[in-house]
Amino acid sequence: MTPTNKSNEIVHDALLQATELATQWTFDVKQNAFGWLRLNNTESLRPAAKALAENGARLCTMTAYVEERGENSNKKAIAYHFALANTVVTVTVPLYTAGCDTPVAVPSITSWFRNADWNEREFHEMFGIDIVDHPNPKRLFLDERLDAGIMSSLIPFSAMVHGAATRNLWEQVMAAKGVDITGSDGSYGLENPHGAPTDISTPPIEEPTFTPVSATAPENGN
Amino acid sequence: MFRFLKLLGKNLAQGPSTDPFPAKEAHTPERFRGRVVVNPEQCVGCRICHHMCAGGAIRIEDNEEKTGYNFTVWHNTCALCGMCRHYCPTKAITLSTDWHNAHTQEDKYDWAAHYSIPYLACAGCGAHIRMLPPQLAARLYAHSPVDMTDLLKLCPSCRQLAAARREEISNDTHEQE
Amino acid sequence: MSEALGKEFTLPLGPMHVALEEPMYFKVTVEGERVRHVEITSGHVHRGMEALATKRNLFQNIVLTERVCSLCSNSHPLTYCMAIENLAGIEVPRRAQYLRVLADEIKRVASHLFNVAILAHIIGYKSLFMHVMEVREIMQDVKETVYGNRMDLAANTLGGVKNDVDAQLFGYITRSLQRLEGHMQEIIDIYASNPMLCSRTVGVGVLPKDEAIRYGLVGPVARGSGLAVDVRRDAPYGIYPELSFNVITETGGDVHSRAMVRLREVNESISLIRQIAANLPEGKLTAPLPVIPAGQGCARTEAPRGELFYFIRTDESDIPTRLKWRVPSYMNWDALEVMMKDCAVADVSLIVNSIDPCVSCTER
Amino acid sequence: MSDIFSLISQSATGLFHLVVFPGGLFALLFGLVLKGIDRKVEARLQRRVGPPLLQPFYDLVKLASKETIIPETANKTLFMYAPLLGFTGMAVCLALLPVPGVYYGMENMGDMLVFFYLLPLPAIALMVAGSSSSSPFGALGFSREMTLMFAYEVPLLLVILAVAMQVGGEGSAEFSLRKIIEYQREHGSFGFTLSMLPAFVAYLLYLPGTMGVPPFDVAEAETEILEGPLLEYSGGLLAFFQLTSAMKLVIALGFGVVMFFPGTVAGGPLVNIVWFAAKCLLLMLVALTLCKAATARMRIEQALSFYLKYPATLALVSVVLAWVSL
Amino acid sequence: MNLFSDIVVRSPWLYRINAGSCNGCDVELATTACIPRYDVERLGCRYCGSPRHADIVLITGPLTLRVRDKVLRVWQEIPEPKVTVAVGICPISGGVFRGGHSIEGPIDRYIPVDVNVPGCPPRPQSIMEGVLLAKKIWLDRLNGIAPGHKEERHVSLP
């Protein structure tokens, strides 16, 4: 009994009327419809969101991503996923204009979708994308000591400096067996075939406030 | 409220259902995913397990003299997920059902399984190879009944040469008939 | 008497709080015993997993997504594999689809029983907590015997299922379900009628249906307020079209009805598992894997806490350029504001537990 | 001269009662064994094996061996002496606790009102501890403990009144425990007289309240306000609180036994002590252990309204019955 | 002195710290400590609500950056002598999350760990073995013996 996907026709017409762009459709094995629409600029996001809200769509989530894997390319885009019965519509908004590379700010859609609040705060802190008139654009999950937009650059500064986590663990494992591998740059467990060391640990923040307490010396108070 | 009192009464009557673990050995189902164990003979050195391991617990590295490779599994970062066992072509790496793994901090870096697996010299050109495990060879040569023993000692290129020579001989015999 | 205190003070709850399984910091402004406002500071369990996912290959990500949260640890790899299968157009053999749904339903039973048990623990009902956890041990034994681990089943892989479940194991499963069903009837009666429990949970943390829609809530929290959203019926995946089950909803919208929704869903899952055991087809376990092309794909499944959404973008290499998942608990934290309006301080951790919070899911 | 001797002998026996029986030593051992049995039976009700019987002793010894940390933010003297307050109150109360057939309390001192005033001392000690530890949870624990104390003190007063009027007769009340025990020896213990049955039930409901046992453990609600007042305590001071609660257990049970079942058994004092201990144990199993295993924790306002509704009216009924029946 | 420390060791109070774990080990800890099937209370163990009452600390999770200072402060509050048990592979080696941008790596960079119980999550029985091993180390500390030499450091079932 494949569900009658009237819902994807409704969404198709609504988006076409709002943004004059046609949505491409793909279907999974069970005939659930997946719509893909790429807007030209950030202005047409609001009418699209309004159209979808009026047709009872529910905002599933938002995914901000860097288009290519280049060193620190600024070609960012945000994919807004909406769910309606058995249809998922993904509206992608590119954040770069042909000429300049600086990412464009994106308008907030919290007026139609209450749960957009946390999603927007998250890509604001993770990808450093600014949001226009968001209720409270504070940090959500990322700690203040980590630089915003940590996910947009492929290898944040911390990777090189802190890359030692896996390597020195393995050195100690091999040393326990008497094999010294400090020099060699061989495969260290979580090696990334693209050659970039995979360890993105935190940058060397100021010395931790608690010096490690040795087991025997009771340090506190009396 | 009385229903719960009835339940308490039943509990009291049935007596404790505590499983006497520290005193008696606890039951371990035979499909339990415990410590990783490697069978060096079966290992072909294809590194699929290293590629699959999300915890980065497997390290395969040629030893200095290049006469073989060290295969190390550090149990303290192994997530017991079983991906290596599932994708190993020769079932060399398996998960035992041993879960007694509490140890003190001094043994943290000893809690590993070290195997050193020797390379063999190819009968033809003397290159370093890993002998083809019998059941993998059986699968490869299933359709053409060929005498297995000497083929296994050859590196892939020498095996191709041998296969080409075999074809040539069989073509000559056809022409002679 | 307690109103006389009058003056307002803020009470720090967490992050290292015994009642909460995971660190989450609530700054509760309290007037006497009434809660006026709750401010949530999260991020304690943020392990940066989405950044990690772009550093691991497609197979390592199956294991990584399984460790987002252990209570819904089977839904994540299932949805991740489905997203890649939608992207690459892989058709999973029918037997593998049946076994995938089997693993999902087993996890749902264990996750719901755990949440309902913690509810009893928070209101101080130790014996009921121990009884429900003891009943849940039946399901934990099924997981350990059939899949080899009590929490992370490692059942799914790209294109299908890893290990087979033969008739002998199904015999064990059906015997365990027999015992479980006997206990479930007793537990549901206790949760429905016990005066102590009802006086603590009925009418507490009420979430009206229109608020559930406005916040875009899913799963038992939405179904507890009468909003019938269930991906297994709205966008059926796997073999759910061939299985018969009904979506459980309650109208109370409070802690009690959410717990009842979860308990009655356990019975649904038991009947689903029986249907799977009854008509499991023969066939292969995994589909042959093509090269995963560049592109983007997404998938939705019904995790124990609600709709789970996965989105993946790949280039030709076997390392995804972006992997994003939205967890059902993500929207519940905002909705806490509605549920905690003017509730008693004693009920704060009770209400927080009623949304089945999965902090490690939310913060990835 | 003779009055000096009598004074010395009186203070010697007083000291004996304070330190050995029924005071310190006996009550401590008996209280801790009672707690051990309580935890064991509760475990068996939950199908668990439960801790060894002497577990409370091990806990005490371990707590004594741990270092005691006094938080800087707390106000030192109050923090240090709060446990002592409860401990001394209980020690004095124990010295006055009559054990039927063996010891009938000090001549003219041991009457019920003294018990009524000394019993809430550990609760006050908890309040002092809560307020002195300056953590917001401590303050919340303080206000809850105060509300709960008002709640369960009312029925206690009414029960004492009922017993006193029953013994006194014609509208007068007799508070001395010694006379109460004699009255019951002639007229049969109150536990079985019809008019005093509501008072007995009220006392049964009072017990979990005063001992902070689950339906009413609102002050140390572990999952809500992190052990409330005892959050900051550790080591020796915490051991003091555990000792006090063990002694309070003995007093509360002993007081109940004396008021309702003071019957003695033929045979020497030793047999009577065992008989008294058995009655206390039975009372504990019914009122505390079963209650702890079978119920969930009430909110503070629910506990308040519960106490002012059921136990209070029950006790009032038996007060009226006692007054009318003469 | 020996008898006294034998008695002290019979009442180890457990305290659980979640340093950013995926709640797998925490659910197993709750199962190990609180339910009739494993019932650690017969070993004298009891969950305590405040770090001040704790003897054996069970730490789970790879110590994320934001929770690090709070974990270290709570760990400091626990009075000596205490034994630290790392439950699951995350505190021991960062587990599958090693290398994440907010992972502070193995917990023994900040806290001296005494017992490791690897596993993802470890079985309740192996957590109990860890607690038994911790009790043995606690006994050694009480009697003033330095951490035991290699042989008898593994769990010998009593």
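First chain written, first letter: the chains are A, B, C, D and E, and each begins at residue 1.
In this text, contacts are C-beta pairs under 8 Å (C-beta built on N, C-alpha and C of every residue); 3 or more make two chains touch, one makes a residue touch a chain.
In this text the structure is predicted, and so the values were computed from the model without any measurement.
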item	value
Chains in simultaneous contact with chain B and chain C	A, D, E
More contacts between chains, B-D or C-D	C-D
Per Cα centroids, the chain farthest from chain B	D
Centroid distance [mean C-alpha coordinates] between chain C and chain A, Å	23
Distance from chain E to chain B - Cα centre to Cα centre, in angstrom	32
Inter-centroid spacing, chain B versus chain A (mean Cα positions, whole Å)	36
Approximate Å spacing (C-alpha centroids) for the pair chain A, chain D	60
For chain C, residues contacting two or more additional chains	18, 43, 46, 48, 51-52, 55-57, 63-64, 67, 121, 127-128, 130-131, 134, 149, 152, 194, 196
Sequence positions of chain B contacting 2 or more other chains	1, 4, 8, 11, 16-18, 53-56, 74, 77, 79-81
Touching two or more other chains - residue numbers and ranges from chain E	36-37, 39, 42, 49, 64, 66, 77, 79-80, 93-96, 98-103, 112, 114, 120, 123, 147
Complex interface listing, chain A residues touching chain B	166, 169-170, 172-177, 179, 181, 184, 186-191
For the chain C and chain A complex, residues of the former touching the latter	42-43, 46, 48, 50-52, 54-57, 82, 85-86, 91-92, 214-216, 234-238, 241, 296-300, 307, 309, 311, 313, 315, 317-319, 321-322, 324, 326, 330-331, 333-334, 363-364
Parts of chain B lying in touch with chain D, wherever the complex brings them together	1, 4-5, 8, 11-12, 14-18
Chain E residues within the chain A interface of the complex	64-66, 68-69, 72-73, 76-77, 79-80, 93-94, 98-106, 109-112, 114, 141, 147
Residues on chain E engaged by chain C in the complex (per definition of touch)	17-28, 30-31, 34-37, 47, 49, 51, 61-62, 64, 66-67, 70-71, 74, 95-97, 99-103, 120-121, 123-124
